[in-house]
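Look at the two complexes coming up: chain A is in both, with chain B in one and chain C in the other.
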Partner chain A sequence: MTDASHKTATITRAPTLSLGQVLPWVISVIFLVAMPTIFQSNSAITIMNQMMITIVFALSYNMLLGQGGMLSFGHAVYMGVGGFFCMHLMNIVEANELPIPLPVLPIFGGLFGLGLATIVGSFSTRKAGTVFAMISLGIGELIAACSVIITAFFGGEEGMPGDRTYFLPFFGIEFLQQIEVYYLIAFWTVLSTLLMYLFSRTPVGRMANAVRDNPERAEFLGYSARWVRFFSFSAAGFFAGIAGALFAINYEILTETNLSTTQSGVILLIAFLGGVGFFFGPIIGAIAFTLLQSVLSLQSEIWQLYLGALFLATVMYFPGGLAGVLMMHVPAAKFGKLGTLIVPYIKTLVPAVIAIFGLAALMELSFHVRHASAGDDEMTLFWTTFNSHNALPWIIASVATVGGFWLARLSAPSLKEAWHRANTPKGRPA
Partner chain B sequence: MTAALEITDLKKSFGKAEIIRGVNLSIAKGERHAIIGPNGAGKSTLFNLITGRFPQTSGSIKLHGHDLRGKAPFEINRMGLSRSFQITNIFPKMTVFENVRCSLLWSHGYKYSFWNMVSRSQDLTDGAMEILDQINLLQRAELPAGLLSYAEQRALEIGITIAGGADVIMLDEPTAGMSHSETDYIVELIRKVTQNKTLVMVEHDMGVVFGLADQISVLVYGEIIATGHPEEVRSNPKVQEAYLGAALEAEH
Partner chain C sequence: MDLVIINLIDGLFYGLLLFMLSSGLTLIFSMMGVLNFAHASFYMLGAYFAYQISMYLGFWMGLLVAPLLVGVVGALVERYGLRRVHQYGHVPELIFTFGLALLIEEVVKFFWGNNLMAYQEPEILKFALFSIGNNAVPAYKVFMIFTSVAIFIGLLYILTRTRIGMIIQAALSYPRTVEALGHNVPLIFMGVFGVGTALAGVAGVLAGPVLGTFPGMAFVLGSIVFVTIVIGGLGSLWGALVASLLLGWLTTFAASSSFSFATILESFGMQRPESLSDSYLRDLWTLTLPQIGPILPYILMVLILVFRPHGLFGKRDV
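Moving on, here comes the complex of A and B:
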C-alpha cells in the first residue's frame, strides 16, 4: 500500500492556500449542489443521500485503518449508537416541543459517538494489531447483543422510529421534502470531510501515520503510541456519530442492523475497495459501493456474489484500491504520456469487460435454471428476454467469456509494454 | 556537576538468565562514550534498559540526576534522551521530510495538538530542512523513506534521533552493515551532529570506536571490566585477554 495521502505539495510552500489545494473542494461543492438538478427523481436523491452518509462513515473508518493502522471490526457501533441517541433526541424534541433546529442534530450525534469512543478507546487503544481488532469485534458484538436486550433504548426488533419534521423550522424549512434533507446531508458531508482532512494535517494526525508505520519509533520521539491512537479513535468515533445522525435524519428509523458486525464488515470493504492509503480513497469506495449496491441489486439476485468477487480482486491485485489505481497513472500523466495508454487500454479492457459480462451471464443462467420455479423458463438479462433452457444463450455467453478472455490475454503484453513506455521519461530509452 | 547518565549496580535477568550483572557507569556531559564488547555481552540489553524499552530488575539509572525507573520510552525521550536502533527503525511509508518533521513535533511543543496545521508552521518546515541539510538528504526529501539506500536510511535514522534536540544521544551500532566509505561518511556525520552533546554508542568497528570516542567501556558477560581513555583500554591486559586482543589482531 503506497501512501501518498500525506505527500506535501511543496515543502517550501507559501503560507497562503494554493489553487491546487482549494480546487478539489470547490469542485466537490459545486458538484454536490448541482447533482439534484441533474438527477431529480426521488430514488436518485435517496441513493445520493445514502452515498453521502456512507462517505462520512467510510472516511471516519479510514481515520482508524488507513491513517492510524487500527483494523476495527466494530465501527458500526459508533455510527449506530450516535444514530440511536439522535432518534431519542428527535422523540424528546417532538414530545417537549423543544426549539432546536434539525441541522444541529449531527453535532449531538457526533458528541454521543465521541463519548462512546472515549470510553472504549481508553482500553482498546493500548495495542494496535490483533489485540485492537479482537477488542473492536468483542465490543461490536456486545453492543449489537444489547440492542435486543435493552429494548427501551434500542427498540428491540422493530427498531427506534422518529419524526424529523417536529424540529424548529430552519429558515422556514421543515425538511418534509427529500431534497431539503439532501442539502442538509450535503452540508454535513462537506464539513465533516473537510474537518477530517484537516485533522490528518495536524501534529496528532501526522503522528497517527507515524504510529501506524512504527509505533516503537514514535515512542522514542516523545509520543505515547497509545495516546496518539486514542485521539484518532475518539475523532473517528465523533465522525461516525455524525454519520449516524445523518442516517437518523434521512431514514427516520434505526434498527439493530445498524449496529451489526455486517455493517462493520461492509465499511471495511468500502474503505478497502476505495483505497485506505489515500485520504480520498474511501470517498470513491463509498460512491462505487452504493452505486453497485443500488444498481446491481435491481438487476440481479446474486449481486452480492459480484461484490464479493470485486472485493477479492481488489485485495489480491490492487491493494491500493480504486484510488491506488487512479494514482498509478500520475507518473505517466506527469510525463505527458497518458494519451498513449488509451488505445492499449481499449484493446485489453473491452474484451475483458465482455468476458466478465459473459461469465456473469453464465452465472445468471445457472442461477435461473436452478432456482426459478418449475415451468418458468423465461428470463431477462441485459434487456433481452429469452428461454434459459435453450442452448443458444448458453453458447453466446460461453463464447463471450472464452473469446473475451482470449482477446484480453492476447493484447495484455502490448498494454504492459505501453505502460512501461508511458512511465519512462521522454528522451530516455524505454 | 551531575553526570549526564549515571548507572548504579544495574541488573537485568530474563527468567533465570542474568544478562546484565551489576553495571556501574558514569558518563559526563559532552562526553563521547563507546560501549564495546563481544557478541552476547549485553550491550543492546543495556541500551534497552537505559531507554526504557525493558524494565530493569534492580539498580538505578539516572539521567541528569533524575531516576528513570518505571518511565516509558516517550517520557524518557521528553527528558532529553534519544536513541537510534541497531536495525533501521524509520517510518518507511512516510516521506523523508515527514520522518524528520515528526521527530520535531514534540520538542517544538505541539504535543497532541489537533488545532495546528503542520504545513502552516514555518519553524517546523525550516527545522526539518535544516536537519535534512545536516544529514545530506535534502535531495531526497520527497521520497518515501523506505526507498532510500541502506546508508541513507542509517543517516535518516541518525537525523530522526538528533532532531528532537535531545542532549544525550544513544546510537546502537550506527555503522552496522556498511562499506568502508559509507562508514567514514557516517562517522563524519555523527561527529558533526553530536557536537556539544553527550554521545553513548555501541559499536563493533574498532576504527570507528577509536576514532570517535573519548571514553570506552568494555562490557563482557554483563559486567564492565574496564572504563577509560581509548589508550588505557587498549593497553589493559584484562581487556586484551577478554576481547580486544582478538579484535585488534583481526584489525591489523
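Moving on, here comes the complex of A and C:
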C-alpha cells in the first residue's frame, strides 16, 4: 500500500475507534482495578493514591507546558485552592446535611479551580514565555502568602481539616476504608485522564500546539493566540482543581504547603522528568517520581540531591524526558531490530548503573562522615551495616565507580554502532 | 522622625543588596535573553564560600576570594550547561536554571548541613558608628552601603568608558556583527555571566553576616530579585537601581508601620463585629501592613506586568 492510499484509508475510518486506540485505556482500567488485589497493604494503597493524584495534577500541568508552551511556576495554587474549597464544602455539607455525596465533590473542586484560572488567565495569557512565567510566579507567591493571612479560608498555619466519612453513604459505601477511597480516586483519575486526552484532540487542543510552536502563524490563520492559551489555561485549572479535591478527600487536611511555590516546582520537575512532548509522559513521570520519593526518602537523607542531579541531567541530555527516551526506540521497533539492541544495552548500562551506585555510595559515605553525630560510625547502606570510618567501604565504592565508568566508556562505541544499525531499514547498508 | 531616618538607612541597605543581585541578573538577561533562576543561588554560594575561607584566612580574604570563586563557577555553568541547553530554546533554559537552583541548594546542604552558619562580620567593624534617637547604626551596614556604591560606580565606568565595556555593550545588541569584527563573542558571554554571578557572590559575602547564612537564603531572596528586574524593566541597569531602592524602602517601611486595615473599614462606617471568630471578614479586621509587607512586591509586579509590560525603564517586553 502506498502512503497516499494509506492516508485516505485512515481518514475514511476516522469516526470509528480502532483497537489500538482503545486498548491502552482498557489495559489501564484493568490494571487500576487489579492493583489493590496484588498490593493489599495499607501503605501500598496510600502510595498508589498519592500516585494517581499526582498523575492528574501532572497531566493538567502538561496541558500548559507540553501542549500550550506555557511555563508556569505557580500551578500548585489551582490545585490547592480547589482542594481548600472542597474541604469547606465537605464541612458545610456535614453541618447542614446537604444531599451531596462524596464522589461528586471533585466536580466542585474542579469548577473552583476553573473559576480562579479564568480570573488569572484573563490577564496572564496575553503572552507565553517569560511574561507568563513571571506572572504565574507572582500570583503563586501572592496566594501562597495569602494562605497565612486569610485564615478564615485557608486555616492559617494549622491548615484546614475535614472529614470525608460523614457524608450520606453512596450506594452503601461510607469511605471509611482506604480501599474505598482508592476506587473513588481511580475512577476520577481515569475520567480526567480521558477528558484531558480528548481535550488534546479537539480543535482547541490542536490549536494550542500550533500556538505553542508559532503564535504568529496561528494568528495569521485567524486564531487568537491569546484565546487559545486562555482556553488551555482554564481547562488546566479545572483539572488541577479536581486533583486538589482528590487530595482533600484522600488526606482530609490541606495546609499552606499545598499552595507553596515548592509544590509548583515539584510538579514542573515531575512533568519534565516524564517528558512533556507526549501525552503519557507526565503519567510516567508521576509514577516514577512517587516511587522514587517513597523508596529513596526511606533509604537516604540526601535523596533530593540525587533528584536535583537527575532533573538537571534530564534537561541537559534528554530534553524529551523518560517518554522521549522510550519513543526513541519506535523506529528500531518498526524495523524489527529492537532485539539487536539488548546485548549492547546490557554491556553498557550495567556497568553504568554500578558506577552510579558506587558514586552514590561515596556521597553517602562522605555525608555520613561529615554530618553524623560524633562517635556514631555505624551506617547502613545497600542493606549492609559497616563502619564509615574504615577504609574498606571507601575502596569498594571507589573501585565500583571508576571501574563501572571505565567499562561503560569502553562499550559505549559498540552501543552507538548497534543503535545506528538498528535505526537503518533492512536491506540498506548501515 | 528618628524612625523615618533609620528606616531610610535600612531600606537603602536592603535596596543596594537587591541591586547587587539585580544588576548582574539584568546584564545576563540582556545578553542571553533568559532569566537566570539560579542567580540567588550564586549569592548563597558567595556567603558559604566566604564563611569557609574566613575560618582560615579571615573575613577580608573571604571578601576578596569568594566572589572570584563564585564567578568561576558561574562561568563554568555557562560554558558547560547553559550553552548546551541554549539549542533547545528559551523555556528549557529557564527550566535548566530552575533545576540548577534546586541542585545548588541541595549541594550546599550536602556540604554544610541545614543549620545557620556562624559567619560573622569582622571584629574591626563590630561597633555602632552613630545613633539616631535610641537606634544605633552598625558600622558594618554603612561599610556595606559604601562598598556596593563603589562597586557600581566601577561597573558603570567599565561598561560606559572603557574599550572592553564598549565591546560588551556592542555584543549585547549585535552579537553577529561583533563576531564578524573578530571578537570572541562566546567568550564575552561567558565573561559577562561570570562577572554577573561574581557580583551576586559579593552580595552574598556582604549579606551573609547580617541576614544569616543558611540553605534557605537563596530562596528567600530569589523571587524578590526577579520581581525587581521585572519592575525596573528587563535589561535596564538604571531600572534595576530604581526598582531595587523602591522595593527596599517599600518593604522596610511596610514592616515597621503600625497601620491596621481596621482603620480603613471603620472610615467606611463599618462596625467592628462583637465576636471576631464568627465573622467571615475577621482577617480583614486583624490585618496590618507589616503582615502584607512581604507580598507588596508581588502585587506591584503583577500590576506592572499587566499594565506596563516592559517595566518602569525597559525598552522591550519581558
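As a convention for this text, the second predicted complex is superposed on the first by the 416 of 430 C-alpha atoms of A that agree within 3 Å, B and C clash if a C-alpha of one lies under 4 Å from a C-alpha of the other, contacts with A are read in each partner's own complex, and residues count from 1 in each chain.
In the analysis below, contacts are C-beta pairs under 8 Å (C-beta built on N, C-alpha and C of every residue); 3 or more make two chains touch, one makes a residue touch a chain.
Predicted model only: the values in this text are computed from it and were never measured.
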Between chain B and chain C, whom does A:289 touch in the aligned arrangement: first, second, both, or neither? neither
Where does A:202 make contact in the superposed view: on chain B (first), on chain C (second), on both, or on neither? first
Per the contact definition in the header, classify A:251: touching chain B only (first), chain C only (second), both, or neither. neither
Based on the superposed arrangement, let me know which partner A:137 touches: chain B (first), chain C (second), both, or neither? second
Is A:214 contacted by the first partner chain B, the second partner chain C, both or neither? first
Considering only the touch criterion stated at the top, classify A:112 as touching first (chain B), second (chain C), both, or neither. neither
Show me the chain A residues, by the header's touch rule, that chain B contacts in one structure and chain C contacts in the other. none
Of chain A, residues touching chain C in the complex: 65, 69, 71, 73, 123, 126-127, 129-131, 133-135, 137-139, 141-142, 145-146, 149-152, 261, 265, 268-269, 272, 302, 304-305, 307-309, 311-312, 315-316, 319, 363, 367, 370-371
Interface residues, chain C side, partner chain A - complex: 34-35, 81, 84-85, 88, 90-92, 94-96, 98-100, 102-103, 105-107, 109-111, 113, 223, 226-227, 230, 280-283, 287, 291-292, 294-295, 298-299, 301-302, 305-306, 309, 317-318
Spell out the residues on chain B that touch chain A in their complex, using ranges where they run on. 51, 53, 72-74, 77-78, 82-83, 85, 89-95, 97-98, 101-103, 105-107, 110-120, 122, 125, 129, 141-142, 144, 160, 164
Can you check the complex and tell me which residues of chain A touch chain B? 1-3, 6-8, 11-13, 15, 198-199, 201-207, 209-210, 213-214, 216-225, 227-228, 231, 235
